[in-house]
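Please read through the structure below; I'll follow up with questions.
Chain lettering (A, B, C and D) follows the sequence in which the chains are written, and residue indices restart at 1 in each chain.
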Amino acid sequence: MTITATIIGASGYTGAELIRILLNHPNVKIKSLIADSSAGKELSESYPHLAFAGLPKLIKIDEEDFKGVDVVFMGLPHGTTQEVALKLPSHVKIIDISADFRLRDASEYEKWYGHKHQAPELQKGAVYGLTELNREQIKKAKLVACPGCYPTSILLPLIPLLEKKLIKKSGIIADSKSGISGAGRKAVQANLFTEVNENVKPYGISGHRHVSEIEQELGLIAKEKIMMTFTPQVVPLNRGMLSCIYVENEAGVTSEQLKKALEEKYKGEKFVKIAAGNYIPTMRDVATTNLALINVFADRVGGRSTIISAIDNLTKGASGQAVQNMNLVFGFPEDMGLNFTPVFP
Amino acid sequence: MTITATIIGASGYTGAELIRILLNHPNVKIKSLIADSSAGKELSESYPHLAFAGLPKLIKIDEEDFKGVDVVFMGLPHGTTQEVALKLPSHVKIIDISADFRLRDASEYEKWYGHKHQAPELQKGAVYGLTELNREQIKKAKLVACPGCYPTSILLPLIPLLEKKLIKKSGIIADSKSGISGAGRKAVQANLFTEVNENVKPYGISGHRHVSEIEQELGLIAKEKIMMTFTPQVVPLNRGMLSCIYVENEAGVTSEQLKKALEEKYKGEKFVKIAAGNYIPTMRDVATTNLALINVFADRVGGRSTIISAIDNLTKGASGQAVQNMNLVFGFPEDMGLNFTPVFP
Amino acid sequence: MTITATIIGASGYTGAELIRILLNHPNVKIKSLIADSSAGKELSESYPHLAFAGLPKLIKIDEEDFKGVDVVFMGLPHGTTQEVALKLPSHVKIIDISADFRLRDASEYEKWYGHKHQAPELQKGAVYGLTELNREQIKKAKLVACPGCYPTSILLPLIPLLEKKLIKKSGIIADSKSGISGAGRKAVQANLFTEVNENVKPYGISGHRHVSEIEQELGLIAKEKIMMTFTPQVVPLNRGMLSCIYVENEAGVTSEQLKKALEEKYKGEKFVKIAAGNYIPTMRDVATTNLALINVFADRVGGRSTIISAIDNLTKGASGQAVQNMNLVFGFPEDMGLNFTPVFP
Amino acid sequence: MTITATIIGASGYTGAELIRILLNHPNVKIKSLIADSSAGKELSESYPHLAFAGLPKLIKIDEEDFKGVDVVFMGLPHGTTQEVALKLPSHVKIIDISADFRLRDASEYEKWYGHKHQAPELQKGAVYGLTELNREQIKKAKLVACPGCYPTSILLPLIPLLEKKLIKKSGIIADSKSGISGAGRKAVQANLFTEVNENVKPYGISGHRHVSEIEQELGLIAKEKIMMTFTPQVVPLNRGMLSCIYVENEAGVTSEQLKKALEEKYKGEKFVKIAAGNYIPTMRDVATTNLALINVFADRVGGRSTIISAIDNLTKGASGQAVQNMNLVFGFPEDMGLNFTPVFP
């Protein structure tokens, strides 16, 4: 069984990554690439590395006949996704890589994104696409809102620990480092090579948007409002995300118990792995793949644990998880098209 | 049909790259990984990114029963490959990534590598594995000597041009830039991050070993001894090779004719592409793939052309071309296991 | 007044940085460079960038007549420094960049460094060279034990806050990122360009040696034993250190008060600056200089603050602070030779 | 004697580098920084690393009273410099870092820069500021047109060789690699970290503007029109330029003679050095300094030489040479303010 896919907003880095993955997928045919501003051009004009991939030309959304489309991947800027999604025919499954449908509460959305949500009805039917934790709902979803990269790296270890009440709900701190591809492809002075190179830059200390979806998901598990400290940082590299998460163990709980809980939760998972022994996960262990690699360490300070969680921000943090979700929606093996070995070095 | 492969010398970067490719190959099973000094260990101890790849433990060469082995990939230091190759049973096909069997003339080998060739009989049966140019011989070969990375990037454009007598045999200059993975994984001060970063380092100006195989192959085509100028350089990046090749057109020949000749020669090739128009090939266009991307430019200086040739030094420049050759030897589709889309960014 | 300096252990990166600074110092003459294993050679054989600096040849320690030496900078591996320091004549001032005399308690030293301290008498006279905080003692010191890079970046903000009891003594977390030059110049596989590039690697989670001197100094201020969580990480760049420090404010204390306290403490300081407004310090703001740049941010989570502290690990984190201390010892203006503007880009 | 300087166009990378150097110059006071579009702001808003340098606020050109100004450094985009220069009072010395006054022939200027020269009278009085080769003229100049970075790295070795007729006038090839700071600070997609990183990109193969000034200067020496092959390339690093220059020796001339000629020409020069023995210059040997480091190598191919020439594109290639020229114009020691030791690593 082959399905046909349309990508709306193919010109960003998550679009390019999505294409890399779908070209490797035996059951998906890329039917069309939609980018209104570049319609009529080849995608290879802006992505020369795709010159020999046999892709269709970019078209306007109005030129697309969605009758023959099974799935639409959406990677538009926030706000725009909502507008476009509203116009799609109902038989089309939507895999959204943007932030538009991640927040369940419309007022939270408005607070963090600065404008009213324009498709609240669609929002109600959206499933938060953290695959390993929402698998059954995703299978039945019409619209999957794929998590952001930071949330993916932070929620995968934290949710099982909160669920089992092994860590305290307060005092959680995530210090996360991201490759600069997370900032997108827009020409911005701060993202020039000369500016990013030889530097580490924290940003959004007072409130990065991703914290809203992290706290939403943690709150759902904890059954109370959770607030956490989050410091995103860009590091001078293309791909990769590493979160150092500092937690307090619940009274009497050891860091070994935390690790064991994660091992149990993710036993048999193809894409979430708990590192053996004291191995400290790094970005390169998972780069270019859909893997998340996690480990838990006892602090010298009693009753505290340090969790290290590594993903590729463009793959498990965006387009890889999107395809993993698509596989669930269409009943394909969950790892279909996603069996990459990390590129190293 | 599935064949079984053994890798001797799996611990270098070409070994890791070979494993990445073979894990993606539907018709190859990695039967054993041989590394005498690390026998008994898991390869993931030195390559954590392979921890979840399901690879066999490292063993000593004496522990291997070659009866069930169809193909051996050899990535040992020069000299050692010869010794080991001599001991392999005759049914085993050898794909050699080392430099041991590239030079046809034993005295040339001795001159460039500083010791007598130890397997001159095997050498006689070796085929130089520049796939697109020696395809028919490779199909029948028992031992394929895969070219070095620099030679691959330089010979692919030059051989067809010399063959058709479109360029002069003298005055050829190749200024080649390589990612530092080409220097291997040995702990060497000069290859530390701090030393390589923010620098470009020419080396081997007075005579890099790769020039011997380049001149050998050019001489075979030109039917006379050819000498060329070659400046290899390391640039601060992991993977990639870019050669700027400066040539004089034969009298009356235009740069357009050079380009046309390459287009004809490589028409229909899966892995050698001539860029359209004036597009200048870069390393990233082919990174992590088996592609070579080439273009020809007319110089402002009359009668001269500049050729730009890009490959990934570890893939088309080493392990990818090795698997391409293996496919030929075993009658598989030439691109089997090698259909990677470049990772970008 | 010109003083003469000898550098023992000039071949590491802190040695090269020290030379860069001393060549810029109007009152210091580099009399000799001692490196037993390379005696007789020019330093420029291993540091070609110093070929035109007019430096003396490397000599053995036994070849040096210390009579004419005013100050010795020591950058030997730990343990060795102690042995050598014992043999120096008493008129010589010692500025130690190694870790040998940082810990006041000999049993702590033995615990963290794995061998008995060999010069406990010298240790007693050593002053911990965190310049801005121990200025008066340093002026009179015979031996200054310069702090490690991580401790410098962490103690500069924390000591004034603990002193004024503005933050809690428990629950302090420092997540620190360092350029790879901090790992030194030894040929180690893990520090190859190919291994460090495109990665972030936490290490020493269970106990990096630098935590011992941090906790020692914090404990002295707090007048009780303090333990903290510390995660050092290497990032793919040459120079720079950024610590994200997470603290709990004391009851009723605001983050603004924390910032104000730092501003007061470091008012008029030449090398410790508190950033204006909400500017987030980055490594590049201080690269190649002796500056520390600090800012304090209120967390979204009530009662918590995030402190960002940036230094150059080789300058303020090592050789720059060493020269700053030397200036104090010899009564020179504290910033003499150290007025570098950051190199950017 | 202290002179006052005004910088027009301080917001680019050459502006920032100029400020770094002038802050280190004992005889120069930076009186004003002119940037019309940012007038009223602090330069540190766009260059936080200059926050503690005590610089004046940015002003509009109309706000400047040039009566008290001795020297103006100009770093505006081409074309604009001409307009502004015309308005400056005649007592002001102009050190131009832009390309506006480098070409002596107005029709050449129009051809390469696409518009008519607007200050042909000023052009007549301009001196091409390749310091070591035009020293006497520069001392008397009212307007010094500082060379581009590529020309500096290429002309320094070639001019003495052509002057002494040691190399042929045809067949000269320069393959030059530049750090990306040469592309400036404008927000351009192609210069994003993600695009530049892990890549080498040739550009301007059909004719980079810098070739016009190179050929102009070579032609003046050779007393005939010279055309050469030039391939500029960007490499993934901030600062540095390395040119590999391929030449044919004149009949009977050896590469040793070429080297000797350069040694004689630059004997006693502070900023142009010929490397000893077979040492191959690299970017890092001169980074952050005003040095040019050159060496000559005999090719394996008879009668040919390879010249390697390294500079820092922002220092000797722009702002450092500008200050060197200013020193000449004002009768200061030529190296005043320029005695930097390379930052390493």
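Observations, loosely collected:
The criterion applied here is as follows: a contact is a pair of C-beta atoms (placed from the backbone, for glycine too) under 8 Å apart; a residue touches a chain by one contact, two chains touch by 3 or more.
This structure is a prediction, so every number in the text was calculated from the model and none was measured.
Annotation of subunit B and subunit D: jointly contacted by A, C, touch as defined at the top.
Taking the mean of C-alpha positions as each chain's centre, the chain lying farthest from the centre of subunit C is B. For this pair, subunit B with subunit C, the centres built from the Cα atoms lie 46 Å apart. Note on chain placement: the centre of subunit A and the centre of subunit C lie 39 Å apart, centres being C-alpha means. Chain geometry summary: the mean Cα position of subunit A and that of subunit B are 36 Å apart. For subunit A, the set of residues that touch two or more other chains comprises 13, 181, 194-195, 197-198, 236-239, 282, 284, 287, 345.
Contacts from subunit C toward subunit D in the complex involve residues 13, 16, 19-20, 23-24, 47-53, 181, 198, 238-239, 273, 275-276, 279, 282, 284-288, 291, 339, 341-345. Contacts from subunit A toward subunit D in the complex involve residues 13, 180-181, 185-189, 191-198, 236-238.
Interface residues of subunit C facing subunit A in the complex, by the touch rule stated above, are 170-171, 173, 175, 177, 179, 194-195, 197-203, 205-207, 211, 227-229, 231, 233, 235-240, 242, 244, 246, 278, 280, 282-284, 287, 297-301, 304, 306, 308, 345.
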